[in-house]
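Here chain A shows up in two complexes: once beside chain B, once beside chain C.
Coming up: the complex of A and B.
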């Protein structure tokens, strides 16, 4: 039976709309003037971070970083790799590369800023754990694909992009011998536990790694020729910090297209979990001290052009200043 | 065996730093045997979870930077069980306790769950399940995840010097924290569970106790910590529902003498542990009350907002 009255308009509460059609929910928000995100932020606004350092008692350095509802704890722990068992003593010996990433970088030696030495001996061990009940999608047990890729991105940032740690600061030498010989190394275990996950884990985890490394203090280690072992000085006053390179911070973005009638795209700074699930295209910019661009990662779409990338770099530079101030004030 | 899904350290293995001539002085207890430590307990610190809580227990040692117990708990559920699971008229509770790699002294912990963690998980599950109205949630699962971020040590095996209470402290903290998280999740409970530890220790030589016949009898210490420096003869941890006066979990360690009358050590230990748990319950009550008032304030604010919206529309 045809009726002349217009059919009743279907209406949902916002939460139902968000579940039924996430992408149009996000688009409707961004189409309003001024454009606003479901979280109440403007597209170019990052979440305000907080940093606390050295709150863990058994780690050599630690940091708790929170940005919005994403919170991570990072602990750095030094252990000793002894070379006295014959391995690595012979110069020019066969070096077996362990990490699968080494295929493209290779063991070059001293010229590459020490990255080869760090990699070949696995002196830096970075791991991100998401199976802590931080989000309903990740469960305890073996790491998920996402955890593995994020771990390897962090590892790469630490070793290749920023060269933050020099192998010299990790060498333990025999100072009494006539020829200085490296007897052992410090191995830094960097464990990042996500306590609460609401998007953009990379930026927060990376900042926690930086803050934890800057707060790390290792005991003075020396080679004891009588014991033929590395011994540490228990004197707390002789603990020293690591010699770190220039600071670098990352900024992540999500790009959504088709916002305006002309298919204009919008770049969202510091996306949360919901925005990450809707937007396919993502951009990551790593900025070093002095505003230098250390790395750009982009993928998932074509909406963000040169102009968009310029905007990302500009926002990342501003974000770098925020992190830098925060890290420096957290570690006086 | 290397874990290919994680980044591993050198295959030769690494050793924790060895210190030269570290003079190990056993600390002398500084607080009264029946004094309890202040607990920090806060709920809703993991917003993506249905319910969550964070617990911190300071070390009694007088020096700064001393170790503390830090535990986070998050609860998910009740959520539907996977369709492959068999029908269950009750909610299925699973508890998973994990130590962070940097949480323990000396050696770094691995990521793969070990026997200690599995044991504590099962005990925690047993302590909690009796407090939850599982019958109200058929065909659903409730998952409790506990992460120990920092602990006080005392996890090694027991020796002639006495038993270690580190694990018991972790378990008691985990019970309290998990119960707060379950309440935060809004899951129907019959009562809250709090954990308490008590120990019988060798009486210190310089004790000013006057009764000479009591000198050799062990002394009861509430809420013992590995940093206290007592020589612990036996210890017990309970999960206790103070509202119903029911013990959901009891775990004792060390040799406990069972004698008639007032000398019965098991009675002493259990009473002590229950006394601790009852005191901890007060903190738990406050944390849950705080959360409830916050929730009430929020829902009131929401109502007001909605009301305002209606007015705007009608005008």
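Coming up: the complex of A and C.
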């Protein structure tokens, strides 16, 4: 054919460009006017989340949250931790304490928001698991460092940053005795499974934890003095929800520098997996009800200064409103 | 009564670089080895692989240590010129010698961050790993009500604080790392960052003696600068 004689032009589809040189692929997108990300979003646009609650019938509370292609399931199950061991006269045998310094007097000071009590008795157990094949980087085997770190971040958010769950709501007391005595605790097992991972797991996982905790309904448990045991009421109408503190939501950002000729940096809200792999610098802001900041984390680079953090806080406050509306409409 | 921070360099003979740093009742040792052979799985074709290992004072590594490792890595990775040593491993080990409290809670973990970061940076300097800049870190507590700031607070101060901040700055005053927790407004945060920057920045070349006298005590940045200068002077004695 005549056309076959023309010299071949070196050209390849965008997907090849993305694989060959991921960082310049992202930079070229952001250099266009208006700046646009490979996913089609503007730098300050988050992905739209969806929430479904109580889809797991065997958990006391559950939620499925999805933002873009990141989807997680969170289940909350309550189990009873008895402080008394054995039946009858053998009660008061074993008390579960984690640290030698923690004793019952130590709990009276509520200045740490009950964190000491929750921690010492491990009343809240969080675990995040990456589902098989949830992302390209998934390797079978024991929990990766990434999963462990995320679990730890969620645990910290839950216990120390937000004090969402107060220990009083988990205590099961002997109400008939003259002096109210805690006989047992509810232990909340919060298990999060990531079905699909496309970046920014923390925001999605945290929202799923909040939604699942808000949907949690525990049976009425009481101390039966005759049986000397904790008894649960099977009556579904008597199941009660948890008393939760102020809502708080996180917003994560990735920062990429060197976009303009002057080395200007761009903050990308809610980065997806590709953007996370290219951008090293990241910022996380957690906002509480009323617009107060509960947590700021920044690391991985020097490009984002104070103005950048101010912008992140502003975007995080807007994001808080979106999550709040969604969670409140999902749980009427 | 505050305990002054101390630091020392190059005392472990078998590692490429080592440093210790203690702040208040928290004390850590860091050692750096590298660039050295990397596991095939971790090898990066264009840059060095950085590994941070945190060992607790008591017990075995748990999720808390994993968390510290990831935070330290995020602070240290950008300041190391990784592309100078492609396909190698730079390993940073942080051993906690003493932590401020025995409880395994968020505050003691927070108090470990700044000393670990400082020790790791000093050990990197001692090992001669090429760095873009030097980070120094500090902890700042923002008190309830009065709005008073305490730089390098004790455990008891932190328990009473409305918010706690761990900040790291480069010697030029760029914000490199933040970990803030509590309940605060952005304006408060700006004040905290300013206070942290004053402590962490080590006066630039040229204004060594004059301008920094007004900071009163010795800041972290200057302490680190002093320790490194003494070490270099000692090592270069033979030339005098």
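Heads up, the rule we're going with is that the second predicted complex is superposed on the first by the 294 of 332 C-alpha atoms of A that agree within 3 Å, B and C clash if a C-alpha of one lies under 4 Å from a C-alpha of the other, contacts with A are read in each partner's own complex, and residues count from 1 in each chain.
Everything that follows uses one rule, which is that contacts are C-beta pairs under 8 Å (C-beta built on N, C-alpha and C of every residue); 3 or more make two chains touch, one makes a residue touch a chain.
Keep in mind it's a predicted model, so treat the numbers as computed, not measured.
Colleague: Quick check on the superposition: with chain A as the shared anchor, is it clash or fit for chain B versus chain C?
Modeller: They fit side by side.
Colleague: On the A-aligned overlay, A:170 touches which partner chain: chain B = first, chain C = second, or both, or neither?
Modeller: A:170: touches no partner chain.
Colleague: On the A-aligned overlay, A:242 touches which partner chain: chain B = first, chain C = second, or both, or neither?
Modeller: It touches nothing on chain B or chain C.
Colleague: Have a look at where A:119 lands relative to chain B and chain C in the superposition and call it first, second, both or neither.
Modeller: second
Colleague: For A:295, using the defined touch cut-off, is the partner it touches chain B, chain C, both, or neither? Pick first, second, both or neither.
Modeller: A:295: touches chain C, not chain B.
Colleague: Should A:281 be classified as contacting the first partner (chain B), the second (chain C), both, or neither?
Modeller: second
Colleague: Between chain B (first) and chain C (second), which, if any, makes contact with A:159: first, second, both or neither?
Modeller: second
Colleague: In the three-chain superposition, say which chain, chain B or chain C, touches more residues of chain A.
Modeller: B
Colleague: By the touch definition at the top of the document, which applies to A:148: first (chain B), second (chain C), both, or neither?
Modeller: In the superposition, A:148 touches chain B and chain C alike.
Colleague: Output check: A:313 vs chain B and chain C. Expected answer is one of first, second, both, neither. What do you get?
Modeller: Touch partner of A:313: chain C, not chain B.
Colleague: In the overlaid three-chain picture, find the nearest pair of C-alpha atoms across chain B and chain C and give that distance in Å.
Modeller: Result, nearest C-alpha distance in the overlay: 6 Å.
Colleague: Under the contact rule defined above, give the chain A residues that sit at the interface with chain B and also at the interface with chain C.
Modeller: 98-99, 148, 151-152, 155
Colleague: Can you list the chain C residues touching chain A in their complex?
Modeller: Counting only chain C, the residues touching chain A are 63-64, 66-67, 69-71, 74-75, 77-79, 101-107, 133, 159-160, 170, 174-186, 189-190, 193.
Colleague: So in the complex, the part of chain B that touches chain A is made up of which residues?
Modeller: Against chain A, the touching part of chain B is residues 3, 5-12, 14-22, 45-49, 52, 59, 65-68, 70, 72-76, 79, 96, 98, 100-105, 108, 111, 113, 143-147, 149-151, 153.
Colleague: For the complex, give me every residue of chain A touching chain B.
Modeller: Residues in contact with chain B: 55-59, 62, 69, 71, 73, 75-82, 85, 87, 98-99, 121-123, 125-127, 129, 131-136, 140, 142-143, 148, 151-152, 155, 187, 189, 191, 193, 195-198, 219, 221, 224, 229-234, 273.
Colleague: Using the touch rule from the top, collect the residues of chain A that touch chain C in their complex.
Modeller: So the residues of chain A in touch with chain C come to 98-102, 111-112, 115-116, 119, 145, 148-149, 151-153, 155-156, 159-161, 280-282, 288, 292-302, 304-306, 309-310, 313.
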